[in-house]
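The two complexes that follow have chain A in common; it is paired with chain B in the first and with chain C in the second.
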Partner chain A sequence: MIQLASVTIGVLLGISTAAALLIAVLRAARGLRQRRRAERAAAPRRALLALAAGGEGAPELEAVAGMPDDAWRAVEPTALDLLAKVRGEARESLAEVFARRGVVARALRDLRDGRPITQARAAELLGRLGRREAVPALCSLVADPRAHSRRGTVTGVRAELRVVAIRALGRLGDPSAVAPLVSSLGGADPAPSQLVAHALIQLGPDAAPALMTALNAPQPLVRMTVLDALGRLGAAGAEQRVAALLHDDPSPSVRETAATALGRLGTGSALRPLLDAANSDESLALRASAVRALGQLGAREAIAPLTALIASPHYRIAHEAAGALRRLGSAGHATLRELAGRSGTDGAGAHAREALGMAELTGQR
Partner chain B sequence: MTSLAGVLHTLLRSADTAVLVYFFLINTSYLILVVLAATEFVRHRRRIPFDGAEEAYRNPLTPPASVLVPAYNEGPGVVAAVHAMLNLWYPTLEVVVVDDGSTDDTFERLRAEFDLVEVPRVLPTDVPVTGRVRSVHVPRSGTGALVVVRKDNGGKADALNAGINLARYPLITMVDADSILDPRALLSVAKPFADDPLRVVASGGVVRVANGCTILGGRVVEVRMPRRWLERIQVVEYLRSFLLGRTGWSRLGGLLIISGAFGLFRRDLLVEVGGMAEDCIGEDAELVVRLHRHLRAQRRDYRIVFVAEPVCWSEVPATARVLGRQRRRWHRGLTEILRKHRGMIGNPRYGRIGLLALPHFLLFEFLAPVVEILGLLIVPVALTVESVDLEFAWRFILVAYGYGTLVTLIALLLEESVFHRYNRPRDVVSALIAALLENLGYRQLTAVWRLQGAWAALRGHRPVWGVMTRQGFDSRSPVAHSQRSSGGRHRVR
Partner chain C sequence: MTTVLIAEDDEDIRDLVVFKLEQAGFTVIAAPDGTAALAAAQAQTPDLAVIDVSMPQLSGLDLCRLLRADPRTAGTLIIMLTARSQEGDVEAGFSAGADDYIVKPFSPRELTSRIRALMQRHGREEARRSEALG
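Coming up: the complex of A and B.
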């Protein structure tokens, strides 16, 4: 027993000493590496910053595009950061540097590399550089069925690659990406819906016709995401279809999202469907969304129904009705003042006073 | 007589062996967690170049978040803390400060700094609140994202419940008023919600030690080791237990604790489970266990995750007296949670929470001080009655503590290779020495305090609330400690 303990102590001491030494070595090596990198990057970094400040055709473009490989490696991370921060000619110059140094060609190759981390880095870079020739390959990554595999609680690396590809497609803004983006919401492990919705919004109004078609998808998640995108795009001509979903869709979540989208689309034809939803026996969440959307429409016809809704015993309905009246301008405020004048612990009066208080602070009165 | 002595010898030897085996098992379990954390860190590091933080910030669909800040007598630091939280890098957020009946100038300072005015507000009653809400205040401009609630003192859990009721947004983060968040911390803990919106229900951020760091404008601008060894040891302890331990548990899907200093939750679920429990001193951990219980019972597919970086910085006790009080409370909280949710322990209905995480907490967290103290008592007794000889005894102690030190050193190695927050070589040396010093008195003292905490919980003593150690963070100099008393129901944690 004593011998075993002695051996164990020896082993523990050995490993502990090795761990302590390794920490010291890592620390020293890191310091050395940082100093060397800083020295190597100093001059190229100045050229890079001059390029970012100068614009296309500046002599710095040639200097950066032609700098030695080790100098470029030292400033490449800075160049990538700058790419996200500059606009206009400076951005185009930077993008040209990446192209002339062969970075774009390499990234396009890497996109088909097969190793998810390499592919993800390439997708990120091409998205930032705005290279639309990457769209087909990115669409393939988004549609990759392997992205639906999950290891226990951990999101699979292919699913993460899909997320990067979705973001890149959004940045590239090519409407041909609608179908793969929408299809990524199906399957066993759907892509994150808010990322997909954001990418769809970034595709712009040209994507609206394809999105309208996607509203027929059988999956509620797809319909919700597309409704979100259509609402934020302000897609003209979508009101009727969205109103139909608010009325008919079998999923309560889709109906709720449709109410919000109708409010964002903001046309007079949305008034009736929203009033119907607000006064229905649907869930409180849906009714509250409909009431909030009524405030966004700016229609005076909503004042009377909202005045009735502010007396609702349900906090969310009454609160949203008061907020909606506040957003309806002077006529809404007059109604709120009348309600606020009511004495005692009347719920409608309290909600009205709260809304008027906020209106006063924000200068809406 | 001889046979009695023989039985005693056998018992002592068996107890020695049992304690040794226990030490081996507990440290091996930590080692497994550290290894799991290491794999997670490697994964995390490889993904940084394409983590999409910029995109999340620009995405109008990133869910808005309400930052709840319960405050009790936080006068010296509250303004800097609120400024820092309002300046967090996040698309849409509101900061809800709940002044829980402070007796100092907490509210006056806020009113003066943010030009607060009282507004009428109808308060929803989604979760129960004990302390009466006296008034609600917002900046006179009406455009700010700040809401300050004044209420009667009811304790931290009650203050958080008031904040939950007032929070407008679907995600709620709870942050201690004396905590400092890295600018991107909120966006980072919100990322799991964006990446896996259908399953993630809560996420926790890592808490690091602010003592010794240089704070400017509510931000940690230089990370340094504290000056006192007591604080340095806690830095090492936090790295091992909080950073690596919780990352490991998160990897296993068994995360049981999200620190009250920094966690993010879905508001609808907080309402669904009835908010924070006021009958439990460890309300932060209790909430997570209750969420697991609720969601497992309903067979819902969900995840509770831990985010290792960026971080929340918090002060740790600088004196043994305050540390003792803290550890008594922590262990008391753990005991209460285990007692309250004992039906989950070993129950297959609760999956890896019931079969793995809770048994681990029972065996290796709750019982650890008992076994440690037992071990410390047995060795001298065994030596006295010559049940073991000195040769074996010192080896026994060295093996037991040596393995623990090795685990800590591996944790430090991971910190240095992945995060390397401490840049000065002398800080790294201090950490290495602290890893050794932890075994010389610190562990034993904390074991005694933890035992006292468990005993108080088992006997049902009323919790003792009290002294807060705070210093305003808005200073250029490294964090040092001042101490002041408070009589309200808030704790040092």
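Coming up: the complex of A and C.
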């Protein structure tokens, strides 16, 4: 029995020693491979940095555009990373290299390849390179019926491809992408709404007219996402339509989002609809959103109504009113100090003191 | 010769800035994190430091405060180079003691120009102070 145990221990020791040796050898081999790769990449990398650093122009561009394929393969990931980190002349030079080496033409072909991973790689590259000629193909990927399985659900890798295509469309900033992006929110498997909202915002103010049209969509999720985008874009001229949705939309969630969007739009005409919503008999959630938006609006005319709202028996409303006064700058802070200094233990004083404390913490005083 | 410290954990950006600044004639010290940058700054007292905000071990803002608090490095000019572009982030950078703030994606050419401008302005101020003293 003891002999058997000794043999077992011996065998286990042998196995573990062999495994440790194997791991050490594999690590050494990997380290060697990485060193060799780094050595091979050193000269091309230096040429790439010289180009991105913005040398005299032609020689640096030729050095990278004309380098052998294996050297380019060694630095292509760095070039791709740098595209997102630099701007101006440096970015233009890097983008030019991708075009000169035929990478752009290949990526445009790959977008229609049919293999999701190849398509996703091409979409990511073309988005980073800012190649607007890729927009139609990317739009078809966002709404591609092949992205749906027979059961009508988006399968894993296809869903990932759609995410990459949405991100690329945002980077490209072409307003013609509004409709496909918005339509990706419909159907049985909507795209992630925050991702779509971010892409819509990246399209810039030129996308506002198409976004206004999209507010007619029957799905509340679409209207909410578009409202979010319009608010964050600060889309001038959208106030009336957004105020109408705040008042009339059948979905409470859409009305709340409309309140937030009105606050972000920051125009004087948003004051009345927000005050009406804040003092209405709507849900507390909607009233709280409207009160918060009054603070974002930055209108001094909101100080008196907010001073009344801070005395609301509803904690949420009073708390948001104090927060809104805090955001209204020195005049709002003066009101909070006055409320905080009143004797007694009323709720308004407590909310005012909390808001002033927050202002102190966030350096707003 | 002007010595510039670059504190940046992103190897690509660090190497690019080093390349650009050396090309522009500066002596450059590179550090991959806040702690290494602090040690390098205390040992070599650079004229100017380009500091990323998000770095391991010691953040760029903390590094900035420590440089300002140390008499050896209190006079080092500081440029924050960061992807954080919100109003509050910029304000935090200046509150920590930065002299300038550059948002990524950045232009290497613009960075060089800002370093030169800051150095010149600082040189003029120093000269004016010396004149006033006597």
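Please note the rule applied: the second predicted complex is superposed on the first by the 309 of 365 C-alpha atoms of A that agree within 3 Å, B and C clash if a C-alpha of one lies under 4 Å from a C-alpha of the other, contacts with A are read in each partner's own complex, and residues count from 1 in each chain.
Note that in this section contacts are C-beta pairs under 8 Å (C-beta built on N, C-alpha and C of every residue); 3 or more make two chains touch, one makes a residue touch a chain.
This structure is a prediction, so every number in the text was calculated from the model and none was measured.
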Item to check | chain A residues touched - chain C or chain B, whichever exceeds | outcome: B
Next on the checklist: Just to be sure I read the superposition right, which of the two partners does A:A84 touch: chain B = first, chain C = second, or both, or neither?
Outcome noted: both
Next on the checklist: Looking at A:A188, would you say it contacts chain B, chain C, both, or neither? Reply first, second, both or neither.
Outcome noted: neither
Checklist entry - When the two structures are overlaid on chain A, which partner does A:A53 contact: first (chain B), second (chain C), both, or neither? => result second
Next on the checklist: Taking the superposition on A as described, I'd like to know which of chain B and chain C A:R27 touches: first, second, both or neither.
Outcome noted: first
Checklist entry - In the superposed view, which residues of chain A touch chain B and also chain C? => result 84, 363
Item to check | Residue ranges of chain B in contact with chain A within the complex | outcome: 46-47, 49-50, 52, 54-55, 59-63, 117, 119-122, 124-125, 138, 140-143, 194-198, 251-253, 303, 391-392, 395-396, 398-399, 402-403, 405-406, 409-410, 412-413, 416-417, 420, 425, 428, 432
Item to check | Of all residues in chain C, those that touch chain A in their complex | outcome: 10, 12-13, 15-16, 19-20, 23, 91, 95, 104-110
Item to check | Residues of chain A touching chain B in the complex | outcome: 1-2, 5-6, 8-9, 12-13, 15-16, 19-20, 22-24, 26-28, 30-31, 84, 117, 120-121, 123-124, 152-155, 160, 163-164, 167, 170, 190, 192-195, 197-198, 201, 228, 232, 315-316, 318-319, 347, 350-351, 353-354, 357-358, 360-363
Next on the checklist: Looking at the complex, which residues from chain A come into contact with chain C?
Outcome noted: 45-46, 49-50, 52-55, 78, 81-82, 84-91, 363
